[in-house]
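Just below sit the structures, each encoded as structure tokens.
What follows is a pair of complexes built around subunit A, which joins subunit B in one and subunit C in the other.
So, the complex of A and B:
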């Protein structure tokens, strides 16, 4: 009983606490602007959830975050810190756009599958290179992934600005074939599209994959204890590669959703950092795929509501960015705290274990 | 000359063991003292107390006649005590010079006076006859050289008393020679050495004075010139009668055979050299040896986690050299690893989740739906509940995390998993009773014996000689990755075994099996 309560507090209470305190600090930041924080937040909330239009727009904002969040959550569970989601998303987007524009005539459904497949493949390939560099040459993934993010974005932008430039005056491809548009779910004016349904299904699928299957059993083991995984007869390196590939494919899917469902073409620098926000979404959800649905919608709503708030008050929407950053600090602090506790536990009986080994 | 170190009546208790039981030692200035004893005798604990890493529960430490109290190793450094650890405490990515001055950088305020440091260190190196390239990166140096860096570093900090913990464990014979010459030279200049080791030849060669510890107590203090390695081995091991064994006569089929198996790690260091070993049904082969002499590699080579670099392994006559862990496990090779926390169990998981690890691919635990292989949770739980009952594992439920269980019960989860789901044809048990309470020890011993009597072949790796004698039919001794002794358990005494373990003796004729 006690243990259950403790786990529940740990998995729900701490993220809620992080959210609460960040909103509180956000409120302090609002005070100097002269607007009452309560008013600002209620406008934000109304904007995000107050109307059908608000809700559907929030969900539209949530969709790419849910994809990247799932990519991150899945990788983290299996012990891979994939922070290259942003780059994988860009390559997924450009791949989907190019296939959507240039592929030969074919039935619509096949074309959509081809676009999505290309996006997933692109994300997958882009995710696997740093992992191989890490395994082969022990090059830190933090650095390679971040550099790979820039390379992916700049190269995709280049493709859209020069060789595959469309009719528009800025770096964007042609519109993809109308047959590959993902169907809209809430009218033409709102970005919410079928991608959201895919993302929800994916979350459920990933949850089952992680917690109910043999594959997930092995992945989770690899995420916690490599020695144990190898002992169990599982090739941990191979496992890592597969996990990274799946995670990258999901990020590619996020890019495809943006192109096929929202903008219908690749537009240079379209992502405001979906890949990075996905990491926060995943961490706030404690890397549970189902919880990612909630945290992604929460973040989508914040981003959506912030725009309303900017219109009706004199508060910049950047406030929400600040709030999200504060949340990251709280989550990171929790991790650091846990690690410290872990170290202390080890320190407690070093000589005993040493005695055993010596 | 006066006394450099006096430790009086030191007691230190860890949960379950009295690591130091009223230990008193004295070391004269300018001498080389060796502290010898089996694993778990309390040597490292005593030295960690002297170096300020641990605080004694009771007792007094005097350095140069002055009573001191250490709260950290910094206090020990201030009393001019330095320690060279078995595992070097160096930063591989920076230069030798920077490593040596780390923590005592000369110069004014924020600026480091490298020139002065270089001069001081060069003086030190010349005086002690230990030249080291100061600008090389530590990571690029061979191990013996890295050790010199550690010694110079300790001297640079002004230490008069040097504690060397198993300094030769990682060295080649040539490097060892050089180290001993250096020790002689430096001690002639008035520095005091405390030297921890198991290798008796080295003890005799390098020390002036020897202290033998067993089970947390000092059992002997002698001048080196008054003793020999046989007497030391006897003192080290002690004379205890192994428990009476009830074993059936067995004459079974050959289960596994290793011929000329060699193994090295990714750095090319040899882990196993020319291993020839057979295990028969109903035979337990006990592997004695000091930790780190290739036991882990041997266990992993047989379990299939580590594939040998050359040689041949056959299992019931079938070539198994390239067969990996997963298939070996399914074909009946079970393995209880020495480190249950890092390898044997996933501490964050429940008893049930741990109960099928490795065996989670067996058909009874798998439900196939479409192309997905689901874990059959009801089967998993049922299996765990049966195990808990059969092995009397004390746990609130099968859903409890194993980290909440006691060491003995954790070990029972491992042994249950390795033997219950599928009866092993070969069981590798590495340190099966380490950190386990006495009740569980006798359960595990009896259980392993029962398996043997039911024709399971066994490989028992243990640093506890009593355990080896209690369970084994045949005993091999591993020393530096080689089998240096291979005999019937009834044909060897503990004292003799101690000599083989210490590397001061090796069997001439090959054992026939």
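So, the complex of A and C:
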């Protein structure tokens, strides 16, 4: 029982502490603008939750974050630090858009499945290359993933600006066939669409997969200790590849949701960093897929509210990006809660640096 | 100027920003720590430099403040990583995100603009005018470069000397492979690592300041645009040795310079902007293949 309480404090108290500290630092940053932080935050909160429109828009903002957050959470659980979600999302989006525009005439449901399948495949393939380079040549995944993010975005933008340019004056494809639109959930004016339902179902599915199946057990074991899993006879390399592929496919799905549900075409540089924000979502949820639902909605609301705040005050929405970053640092830090609770301080392990050389 | 001289001059102009940061990456790599936050440090450095230069009208003060500021950020990184045990990659991701948000926020707050800030009141870094080189082919590329180009090259030598010829360099080099031995020798590894990360931040600050006050005299959103990561790749290219790292940055700056020229001939900009990243990945792959072949040969001969 005591241990349970401790775990609960650790898994809920710590994120709450991180949220509190980062909002406090945010408040200090707001002061020089001349607006009172309390007023700014209340406008932010009202914008995000104050009306039906606000709530549904927040959920719409949360949808891509939930997808990328799940992609990140699943990978982190299995010990793979997939920071290439942004690129996988871009390739997912362009794949969904191209299949949505150029596939031959077919029944609607089949067409949707094909679009989503193409997006997942694209994300999967793009995620697996750096992993292969790591396994084959021991090239660190961190740099390759970041390079791959830039390459994917620029190449998708190129495709939408040159060979597959649509009728618009800027770099965007044609509108996808109306049959592949994901149905809207809160009226035509609000971006919330069926993708949100898919994301929730995916969260539940991943939770069951991770915590209730043999496969999930092996994935989690791989995350805790690679050497130990090898001892158990699980082929660590193969496992890593499967994890990366699933994670990449989920990121591709996020791209598909944006194209099929929101913009209905690929638009150049559409992502404001959904892939990177997914990392925050996953970390704040302590890589628990179900908790990701809450943290994604939290960040969706924060982003939505920030726009309202920018409209009604002189505070730029970029503040929220900085607040999220501070949140990540505080959630990643270990301030030795045990010590504070009076339990005998355990000898800390020497700090482990990721030393992977690219 | 002929084509070759122009490409050389562009390469030299692009070099310092990446070179400073890659020296920062190199020293953290020596203590076995991947610091992907180089990008964020640089971006914040670039912003601080422009802001201070604008308000004080002095590039000297701007550089000084930037170096101190980025050093403090490096120190913060060290504290969170070493003391509070936060994962270094997670901190790096957070720092880069923070830099992106905070620079935009303060640009809007201080100057009331979005996207880019430029003003005649921003004082750039001085240039070293070598008029006698004007008429000499190829060498004329050196005739009007920022002093920071020379400072960057000088710091490569300094880093080399410090790493291989001084006691502190020996300690840094030993900390990576064998921290215990260093600790046993009575050196505080914790403090040493803190210093390395602080200096790494300072070097990135120099890189950022050069970017916004030397290469250009303005600040734009995300103006580092991946240079911090390229710097990290360059340090890997050189196996964390200063001279090798220099060649890595030279290669990347050269490919950047070539693509900038290519842009003038009407190639799709996205494909051209993609090239430096592709070159980086390909270089890493080729390097790994060469290393592997060398190792195999070593085994065969041994």
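Just so we're on the same page, the second predicted complex is superposed on the first by the 332 of 358 C-alpha atoms of A that agree within 3 Å, B and C clash if a C-alpha of one lies under 4 Å from a C-alpha of the other, contacts with A are read in each partner's own complex, and residues count from 1 in each chain.
Going forward, a residue touches a chain if its C-beta (ideal position, glycine included) is under 8 Å from a C-beta of that chain, and two chains touch if they have at least 3 such contacts.
Please read all numbers here as calculations on a predicted model, not as lab measurements.
Participant: Between subunit B (first) and subunit C (second), which, if any, makes contact with A:283: first, second, both or neither?
Facilitator: second
Participant: Examine A:146 and indicate which partner it touches, taking first as subunit B and second as subunit C; both and neither are also allowed.
Facilitator: second
Participant: In the superposed model, does subunit B or subunit C contact more residues of subunit A?
Facilitator: Counting contacted residues of subunit A, the larger count belongs to C.
Participant: When the two structures are overlaid on chain A, which partner does A:221 contact: first (subunit B), second (subunit C), both, or neither?
Facilitator: After superposition on chain A, A:221 lies in contact with subunit B alone.
Participant: Kindly classify A:33 by the partners it touches after superposition: subunit B alone (first), subunit C alone (second), both, or neither?
Facilitator: Once the two structures are laid over each other on A, A:33 reaches subunit C alone.
Participant: Does the superposition put A:334 against subunit B (first), subunit C (second), both, or neither?
Facilitator: So A:334 only meets subunit C here.
Participant: Touching A:113, do we find subunit B (first), subunit C (second), both, or neither?
Facilitator: In the superposed model, A:113 contacts neither subunit B nor subunit C.
Participant: Subunit A residues touched by both subunit B and subunit C?
Facilitator: Dual-contact residues (subunit A): 349, 351-352, 354-358.
Participant: For a test of understanding, state which residues of subunit A touch subunit C in their complex under the given definition.
Facilitator: Going by the criterion above, the answer is residues 29, 32-33, 81, 83, 133, 137-140, 142-144, 146-148, 150-151, 154-155, 157-158, 161-162, 273, 276, 279-280, 283, 316, 318-326, 328-329, 332-335, 348-349, 351-358.
Participant: Using the touch rule from the top, collect the residues of subunit A that touch subunit B in their complex.
Facilitator: Checking each residue of subunit A against subunit B gives 208-209, 212-215, 217-218, 221, 224-225, 227-228, 230-234, 349-352, 354-358.
Participant: For subunit C, which residues are in contact with subunit A within the complex?
Facilitator: 29, 31-34, 36, 80-82, 84-91, 93-95, 97-98, 100-102, 104-105, 108-109, 114, 176, 226, 229, 232-233, 236, 268, 270-271, 273-274, 277-278, 280-281, 284-285, 288-289, 292
Participant: Name, in rising order, each residue of subunit B that touches subunit A in their complex.
Facilitator: 14-15, 17, 19, 39-40, 42-45, 48, 53-54, 86, 165-166, 196, 291-292, 303-305, 324-326, 328-329, 335, 337, 339, 342-349, 353, 357-358, 360-361, 366, 372-375, 377, 434-435
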